[in-house]
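We call the chains A, B, C and D, going by the order they appear; numbering starts again at 1 in every chain.
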Amino acid sequence: MTHKIAILGASGYTGAELVRLIATHPSMEIVALSADRKAGLEMAAVFPHLRHLELPTLCKIDEIDFAQVELCFCALPHATSQKVIKALPETVKVVDLSADFRLRDPEEYAKWYGGAHDAVALQQEAVYGLTEFYRDEIRGARLVAGTGCNAATGQFVLRPLIAAGVIDFDHIILDLKCAVSGAGRSLKENLLHAELSEGYSAYAVGGTHRHLGEFDQEFSAVAGREVRIQFTPHLLPANRGILATAYVHGSAEEVYATLARAYAAEPFIEVLPFGETPNVKHVRASNFCHIGVVGDRIEGRTIVVAVLDNLTKGSSGQAIQNANLMLGEEETAGLMLAPVFP
Amino acid sequence: MTHKIAILGASGYTGAELVRLIATHPSMEIVALSADRKAGLEMAAVFPHLRHLELPTLCKIDEIDFAQVELCFCALPHATSQKVIKALPETVKVVDLSADFRLRDPEEYAKWYGGAHDAVALQQEAVYGLTEFYRDEIRGARLVAGTGCNAATGQFVLRPLIAAGVIDFDHIILDLKCAVSGAGRSLKENLLHAELSEGYSAYAVGGTHRHLGEFDQEFSAVAGREVRIQFTPHLLPANRGILATAYVHGSAEEVYATLARAYAAEPFIEVLPFGETPNVKHVRASNFCHIGVVGDRIEGRTIVVAVLDNLTKGSSGQAIQNANLMLGEEETAGLMLAPVFP
Amino acid sequence: MTHKIAILGASGYTGAELVRLIATHPSMEIVALSADRKAGLEMAAVFPHLRHLELPTLCKIDEIDFAQVELCFCALPHATSQKVIKALPETVKVVDLSADFRLRDPEEYAKWYGGAHDAVALQQEAVYGLTEFYRDEIRGARLVAGTGCNAATGQFVLRPLIAAGVIDFDHIILDLKCAVSGAGRSLKENLLHAELSEGYSAYAVGGTHRHLGEFDQEFSAVAGREVRIQFTPHLLPANRGILATAYVHGSAEEVYATLARAYAAEPFIEVLPFGETPNVKHVRASNFCHIGVVGDRIEGRTIVVAVLDNLTKGSSGQAIQNANLMLGEEETAGLMLAPVFP
Amino acid sequence: MTHKIAILGASGYTGAELVRLIATHPSMEIVALSADRKAGLEMAAVFPHLRHLELPTLCKIDEIDFAQVELCFCALPHATSQKVIKALPETVKVVDLSADFRLRDPEEYAKWYGGAHDAVALQQEAVYGLTEFYRDEIRGARLVAGTGCNAATGQFVLRPLIAAGVIDFDHIILDLKCAVSGAGRSLKENLLHAELSEGYSAYAVGGTHRHLGEFDQEFSAVAGREVRIQFTPHLLPANRGILATAYVHGSAEEVYATLARAYAAEPFIEVLPFGETPNVKHVRASNFCHIGVVGDRIEGRTIVVAVLDNLTKGSSGQAIQNANLMLGEEETAGLMLAPVFP
């Protein structure tokens, strides 16, 4: 059976990545693509790499006949997303890739995103889209909130460790490096090739990055007490990929055993042999996440390194993984594309 | 039906690209992977990006039971390839990715490759693997010689123009830019990141690049007279992709019409609207080739620009396209992966 | 003696490059820096790499006391430049880095830049700033027009050959590759790291690039007849540097001898041994230009390759070279910085 | 007065960087360049970017007449360096860029470098070359040991904080990112453009990097007790530059005040305004180091970020800074070149 799919906000990188993945998905068919300012254009004019595909012309959202749409990926900007989703018919399943439904607490939302939520009821209903940990809820959900790409990476490292209580909750540092596509197709000086290439810098230093809202919510829930981590993202001179280096207090062997156990049956998460660490290049353009564990020379300190592709496993691949569950398909359908190397 | 596949020389980039593509191919199964100096290792140790796949352990060629192999991709170094293929059982179909069987004339081979051919009979038998122009012969072939990646790009531009006689055969210039994976996984100073990144240079200037042997052979055959083009390759500070800029004498409209007609039914070759030129980034990691035509301000001069991914359409993707034909499968099987952007 | 210098338009890449070079210049002192939209900011806020320098605060042009300024570099956008320079006191020498005064013929200007010139008298007075060929005029000039960076590169290759008549004027092709800083600090989608890195494309194909106006003007003047070349620029995934590959009809030995003779005494232009070609990385961040000559396998066809740094020799370094002459200083003062490699 | 300089090991990146810097140094003259395997070649053959300079032909060390040499930079591989320096006449001052004389304790040397030291007396005599902290000793030294590039970066951040006792010595984490030229011009697979570009990985994870020997020695000496930090280097897809992110326990205001005070008079170290962090691109190809301090959202935790160019301030620039002192010259002579951006 083929599921009829709409993508709202198809002119951004996550929109293009959804189209790329659906192009070889066995049971999804794109019936509508919206892009407000580019309505009327063909997708090939916006993304020439998709030229070979037969795709609907870009349109405005209100031109879409949602009666024929079974599931809608919403890749709109933050804040816009909640308004649009609120207005969709209840018959349409939704995977939202924005930040709008990630935080369940309206106060936390206001704190991190600077204003009241426009769709509080939906906010309560939305399921957090970290597939590996919310699989059952996602299967039955109408609305799934895709996670932040950094938030996903950090949780793949830390969530099982916090759940198992094998690390000190008060000494968790996440030094994360994200490639530039995480910032979207936005025209900013620091995203220019001339400024980014051969450059490297931290940003949102000191605990101001919005993905901390997700870490706080999820880690505290898992721990059963408030957990606050330190998190410093850096902008990498590369296009795709996140590498997170986590510094924790805990036994390396226990940390390793906990992660190995947690992910033993997971199709997309590979725990490397003890003592090895991954390279972000080895998951490029794929839905895989590689995790490595090394004990520090200082007894009781452990380093965990994880990598994933922010546009795939960190965003659009995750979205399709969730959609597969919501549609009753195999979770891995269309997502087993091997990483592109070199 | 599943075809049992061996890959000889699996530890190079074209070998890895074959594995990447076969990983999601509907009817190929890898039963043997050879790598002389890395025999005994798992593929994941050599190419960690393939870690999620269940693959045979790397072995030596003589450890392979070719009785169970239906088709063999040979991604060995030039000169080695002919020795190995000569020794394979006749029951095994072979797609060779080396240069060994591209030139049919032993003298031309000796001229460009510096020595006598070791398997002259096979050299005569081999079919030149430019699928779009040798489709019928490839279908029935036992041995197909994959083309040079530069040679493929240049031919996609020039072959129909020479065949149609719409350009001056004595004024053809091909200024080509190739990314670094075209040089393979070889340890050379000029391939180091520190030397290549932010660098750019021509090489094999003046008509000494071996792929000229292919151009000479093919263009002369098509033209029915000797054709000699000028060809200058440049090394691009990028990992994948070839962009060829061809300068020809001929009417832009005629050139465009000829190319549009030649490729109208081709699944992998996209001729852009007249006046547009392609970007190599838009075919990355895919089997597609984009071609654009522009008339120069000087009457009667035309510029044609073509792009493809040297590892895919220029090498391993082409090899699978040919193998599909040889195995009686759909030509496009496993090859419709959309380009990866950004 | 120290010369008091103003830089108008200091917030762009050529402005920053001027400051970088003047920072270690033995006899120039910056007394004013203008940047219209960033007036009031310190230079370190706009270009943190200049943080260690004591520099004037950015101001508006009309805040500058030009009575104290001996020479003014004008790095303003095209069209703005002519208006500003027209209004400057006659006591101030000017090196203009825009395109406004490169073309002497008002009709040619209108054709390439799309409108009437606003300062026709100055247009006639301005000396074309290709130092190696206009040295004497530059020494006595009040206004020097910096050349286009592509135009400089092409002329270093072709000008002596046309002057000597050793090549066929009707078969000149210039295939040029320019790094992204040539496009300035402008917010365009195709200049984003995510779009440019691993990308490669031609632009202004077919003879529409404005630097052709300079080629037409200069080559025709040198030849004593109309000369029209073919010129195709490509955008390189790199930050600095231009590599030009010229295809000419003429004897390689004569071409080589002509270039070697022309540049034998030049401090910044290095002609490589016959048969060698240069790498753009070897002139990075310097005022040097390397040129190589190779004969093609086709008798009578020659390839010449030249490299320079578009921001230095192609723009701000050239500007300082000209200013040195105008100020009666050693032509090489402050410009002997060795290239940065790797 | 001009000082006669020899560079041993001139065919590596630090050797080339020395030549680049000395090219515009006001009082140094290169009289000998050695390169064992490339003896007999001109420097331009090994490093074409130095083509414009008149330099001695590369020779073997024993061909150098050290009687005419006042100071010798030794850029040889680790272990080789100590043998060579031991054999030099005592009249020659030496700045060693290898690791051989960084550790004063022979046991520590053996532990980190895997063998007995070959010149223990010299090891005791050598002064540690972190100029800003050993200025007086360096002035009178015969042999100065250049620091590790990572070790320099980490010490610029941590040394004043440990000396002042404003941070907890038992909770210091240094997450460091180093560009690829730090690995030298060595032919290794992971240094190839195709493998490094768009890649990113940690290495020497868990406290095995040799520069930890320097941290242990220096920090313990400063603290007056044993100090052991956690240190994880990462390989950055870039050519030059180190960015170190330090996580410390201590008041951000105190940390900032301590660093601002420590470096107030330093010509090469710039402490940014409180709350700002630096970009490695802003010190490229220069001898500057930028440092920024931010308080974390968790009370009592502070993040300090520092950047420098590993080849300049981290190695060859530092070496010249030390040589200036040893030769009685201005410390900044030849080193005020502004960073290259973009």
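The rule is short, and it goes like this: a contact is a pair of C-beta atoms (placed from the backbone, for glycine too) under 8 Å apart; a residue touches a chain by one contact, two chains touch by 3 or more.
Model, not experiment: these values are computed from the prediction.
The minimum number of touch steps separating chain A from chain C is 1. Judged by shared residue numbers over all numbers used at their interface, chain B and chain C contact each other through mostly the same positions, with over half in common. Each chain gets a centre from the mean of its Cα atoms; the one farthest from the centre of chain C is A. The interface with the greater count of contacting C-beta pairs, when B-D is set against A-D, is A-D. Work out the mean CA point of chain C and of chain D, and you get 36 Å between them. For this pair, chain A with chain D, the centres built from the Cα atoms lie 39 Å apart. The geometric centre of chain B is 45 Å away from that of chain D, both derived from CA atoms. Residues of chain B in contact with at least two other chains: 13, 181, 194-195, 197-198, 237-240, 278-279, 281, 284, 342. Taken chain by chain, the contacts link every pair, so each chain touches all the others. Here chain A touches chain D in the complex through residues 171, 173, 175, 177, 179, 194-195, 197-203, 205-208, 212, 228, 230, 232, 234, 236-241, 243, 245, 247, 275, 277-281, 284, 292, 294-298, 301, 303, 305, 307, 342, going by the rule given at the top. For chain C in complex with chain D, the residues that touch the partner chain are 13, 16, 19-20, 23-24, 47-53, 181, 198, 239-240, 267-268, 270, 278-279, 281-286, 288, 290, 336-342. The touching residues of chain C, when paired with chain A in their complex, are 13, 180-181, 185, 187-189, 191-198, 237-239.
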